[in-house]
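Both complexes shown next keep chain A, but they swap its partner, so chain B is in the first and chain C is in the second.
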Partner chain A sequence: MTKNNEKVIMLGKIKISSRQFSILIAIYMIGSAILNIPAMLQIVAKQDTWISTIVALVVGLCVLPLYIYLGNRFAHANFTWYIEKLLGKWLGKIVALLFLVTFPAIVAILTLRNIGDFMTTQILEDTPIQAILIIILSVVIMGARLGLEPLARAAELFFPFIMVLLIVFIVLAFPHINFNNVQPVLENGLKPVLKASLIFIAYPFLEPIILSMLFPSVQHTEKNGKALFTGVLIGGFIMVVITILTILVLGTQTVSFAYPSYALAKLIRLGDFLVRIEIIMAVIWFITIFVRLALLFYISIVGIAQVLNLKDYRSLTFPIALLLVPLSLLAFPNAAYFQEFTPIWTIHALVMGFIFPLLLWLIDILKGGGKKTP
Partner chain B sequence: MKRSGLLLCICISLVVFVTGCWNRRELNELAIAVGMGIDKSGDQYEITVQVVEPSEVAGKKGGTSSPVTLFQAKGPSILEALREITTISPRIIYLAHLRVLVLGESLARAGMADALDFMSREPEARNDFFIVVAKEAKASDTLKILTNLEKVPSVRLFSTLETSEQQWAPTTTVKLDELISVLVSEGKHPVLTGLVPLGDLAIGETRKNTETVKSPAELQYTGLAVFRKDKLIGWLSNEEGKAYNYVTNQIKGTVGYVSCPDGGSISLKVIRSKTKVKGSVNDEQPQIEIEVRAEANVGEVQCHLDLTKNETITKVEKWANEKLENLIEMTVSRVQQDYKVDIFGFGEVIHRSNPKAWKKLKDHWDQTFVNIPVHVKVNSKIRTLGKVSNSFLEQLKE
Partner chain C sequence: MLTIAGILIAVAIIIAIDVPVLLRKKLHKELWLFSFLLCLGTVLGIVQALHIQIANPMDWLIMVYKPVADLVETWLK
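Showing the complex of A and B:
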């Protein structure tokens, strides 16, 4: 540990394999969205939510080339260096800091609050939310301090369990499917469907821009694009399946469930012996949310460390983690506010996850960066 | 070395203090509720909770006291009444193992929706209990009766309803999520199975009820309660209940008889049944077509028929079709005329098949429902004849 401190630990020094990168992204996409997305979409699109999810997945995949392009540009050094090169030193630093604070850091804050809210509504009703947040965050701090490699390896280990549990979940929910729940198709026209898909695109399909900052840490730079694509495809596909399943099983009544996927897990039973297994399903949520949170936290602090030219990002873990807890409590006062917050977040994510990278790309093109020379 | 010693100390002290006992609910601190009854008295809710007496249920030793205990409390809301029970009960009521929720008829007539919000909101309550209505009785009366075969009366109520739905079909099992989704639906009104306490209720409350061969007091499911939105407006008979289950495709197995032309009857065991309801709208006039496909086995023959001939089987099938068509048509028209509420979900069928027309129809759907023509077509197939082909009665009489 002491020797590591002397080295300058930056993203570029650490290497994970493209397979691990894909797995990280897939888990990232599932985490926290699996709790919120079904309810958020069904409020808007009712029985047509399944169309919205598919539209969102397709659009989400279409945005990826932009991120891959930018990611490949970051890969030569890192995100901050790239922005500084494009916008000049000081403007670049300010923009990079603003982006890091208003996108990955805020997503981290919201994710932390989501898991806290879920635990306090569904499982540990009387436990103070702070206790849950601090315990989760302490694991996240540990993960972030250990660095990306152990995190990626942990994700790689978790992945088979997540997949097996998800498949069990999906298969056991199958007998409850009722296709009447998705009829009539397009009753209220296309507008609510597109609105819902916009929500889904913004959360989480516009977030891979954050993950593309990890490009320098992946071994085979040329395979990064494919790895990102695979990860988003797997994660997005699981999200689509789970969301569609909640409508098919619970119907549009799910609007009144705060966590439809958990309500769905409660229905699962195999004969009379495999019942009440929803908490096992909740374990997948925890693991995915941990990976998501750890990635966001890691990327935020490493990015901030780069902007501030710090030697080691580790000195930032505790101060920023300390900020995260009160901020996540301040983020929204109650559960109702979170629902009203959805459209605002959609716009924010569009600006941060689409317009900002688009601008970067345009500036890059204008500066003649299209040629692949660093 | 010093560092690792310190770490070890911290770990040991953490093990002692952070054992995950924050919200612990020890089994011996919980009153496990298996049945819950809600009645209305004045503007207060009267809650009856049937709680398992663990020492009486566990193991083989039959104790001397009752296997369940009953707690009752009144309050302006369900939650308040439930918490008030803590003034009587030494343990907090734990709802996760609830088997039945009984609604008193007076509450059902006044409107049950308000009472249901608590059950859907409470994270502890699950979705796997049945909801029934105490017919011409208070919910509390039905939960007071002790039963045999199953020591815990609520568990017995649960299994009875499950079995009778599968084998006999005039009853229907309704769970909370189904009930709520029907309540909020614009094209369907709910029904719930009725529960009647029979016999000497005073003895039913004591252990004597389980000591005699024939219990003096029993609980029986009978008929379906018809609701207009959340208010009970009337009852369907057992036969009508069966027709309801045919229309809503909920028949898992049942028995029906057909009369033979020269006296006597044949009973048919329905082993599979599938119903398709199709809706169409012509010139703003909705129409419903019900198509039932049933497979049955011959269960009992009490008349003179030569069952070895295919011709006879076809005849019996035809009679069965006519009889079931008749039953369904009569039930539908009785609901249309007497209750004027769409319990069959025809509105939802129209909604699915023709959403545009539904937009115009939905505001006055119940008035429209009363007059819509319903065509029923039953197609039943007889598969096997049982252990014997022709009845021995054939030879006995000749």
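Showing the complex of A and C:
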């Protein structure tokens, strides 16, 4: 136990407030999903996408109690310690490492590739993708090395700007709304709607399990659950609104856009003087994607350092970033592969974000549960 | 060739930043892991710079989940 106590003390140094935690989660949820989700859902559910988004938000909020329960169980120590306690030392270490590498680390690889693809296809068309990935990663490395506190403060500082710009975006898009775009309702039955909901649930609504690993770093542990819930609600709600807006404004032709929300931003104009503001929207997405990526990077590396009992996680930031660049280039050889990968990812996220925590919860209950707090 | 030179320069800078600190603090386990991951990243980067085809880790994920994904796909058709 002495070793674990030391860890507790070490972790005790990093503390963010519940408010900052909520903001980090909200930004994380908007993250790269705001770019990808509208197109991913509309290919499947067409004009009924709006139903899928609401279903996904409800389901996404319903799984939170599970994450909050688990998070509270290790809020005084850390995630790795908890898995080791439940599964035994070695099996626990293997499972924790497997989870960290196959979930947060892969999400980080995919997120990095998303922003690279967005930049090279929409904004900086002649720039090699490697250059963009390296520039983004250098900021992320800086964030991760500075630690969670500066990252949370940066997110807190950016948050009002993100909200104001998003509200401006939503208000200016309103005049373009055409309700005929969502008719006929349920033309193809319920199944495509369910399929689209599954995609949206998997990405990003099953990802807060990763964020629950930050529970030990939040000041008032008892408020963690509420903070997580608020964050997911804000982030999820924004995602739902933006997705519905793209379908209401652009209709089913959105399928022809790789990034419907960006196409929507291009439409926005106020008279003849406020035009081409899409780059401002793109800047919001850089911020949200940066926060998402930095959190994933930080959580994966700190997690790996905890599994291997390292004293300093910072030395891992550069080597792992160096690995992320070739891996994210390798991940998707072409756009068709991404299409094929989406259903696979949905299942993977269900396993990692639902079945895995459910199993942990069951083992926890069988071992005596939350009655006696250690 | 330029890409490989770039990768090697980057690796040299990374070593210059982190290794002295690790050595001074005598963090040997960290140093081993650091070296291992750095080597892996360097090799992967160089292999990619030379346009050599290697296995995509995402293919393994597809291999594992393909049967279940197909099942869901047919059910929701």
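We adopt the following convention: the second predicted complex is superposed on the first by the 361 of 374 C-alpha atoms of A that agree within 3 Å, B and C clash if a C-alpha of one lies under 4 Å from a C-alpha of the other, contacts with A are read in each partner's own complex, and residues count from 1 in each chain.
One rule holds in what follows: a residue touches a chain if its C-beta (ideal position, glycine included) is under 8 Å from a C-beta of that chain, and two chains touch if they have at least 3 such contacts.
Source: prediction; values computed, not measured.
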Touching partner for A:L87 - first (chain B), second (chain C), both, neither: neither
Partner chain in contact with A:I320 - chain B first, chain C second, else both or neither: second
Touching partner for A:T121 - first (chain B), second (chain C), both, neither: first
First (chain B), second (chain C), both or neither touched by A:P333: second
Partner chain in contact with A:K191 - chain B first, chain C second, else both or neither: second
Between chain B and chain C, more extensive residue contact with chain A: C
Touched partner set for A:I277, first chain B, second chain C, both or neither: neither
Set of chain A residues, in rising order, touched by both chain B and chain C: none
Touching residues (chain side chain A, partner chain B) in the complex: 121-127, 131, 180, 183-184, 187, 250-251, 253, 256, 263, 266-267, 269, 275-276
Residue ranges of chain B touching chain A (in the complex, touch as defined): 22-23, 120, 123-124, 126-128, 177, 180-181, 184, 348, 351-355, 358
In the complex with chain C, residue positions of chain A that touch it: 102, 106, 191-192, 194-195, 198, 308-312, 314-316, 318-320, 322-323, 325-327, 329-333, 337, 340-341, 343-348, 351
For the chain C and chain A complex, residues of the former touching the latter: 10-11, 14, 17-18, 21-22, 25, 27, 29-31, 33-34, 37-38, 40-42, 44-45, 47-48, 54, 56-58, 61-62, 65-66, 68-69, 72-73, 76-77
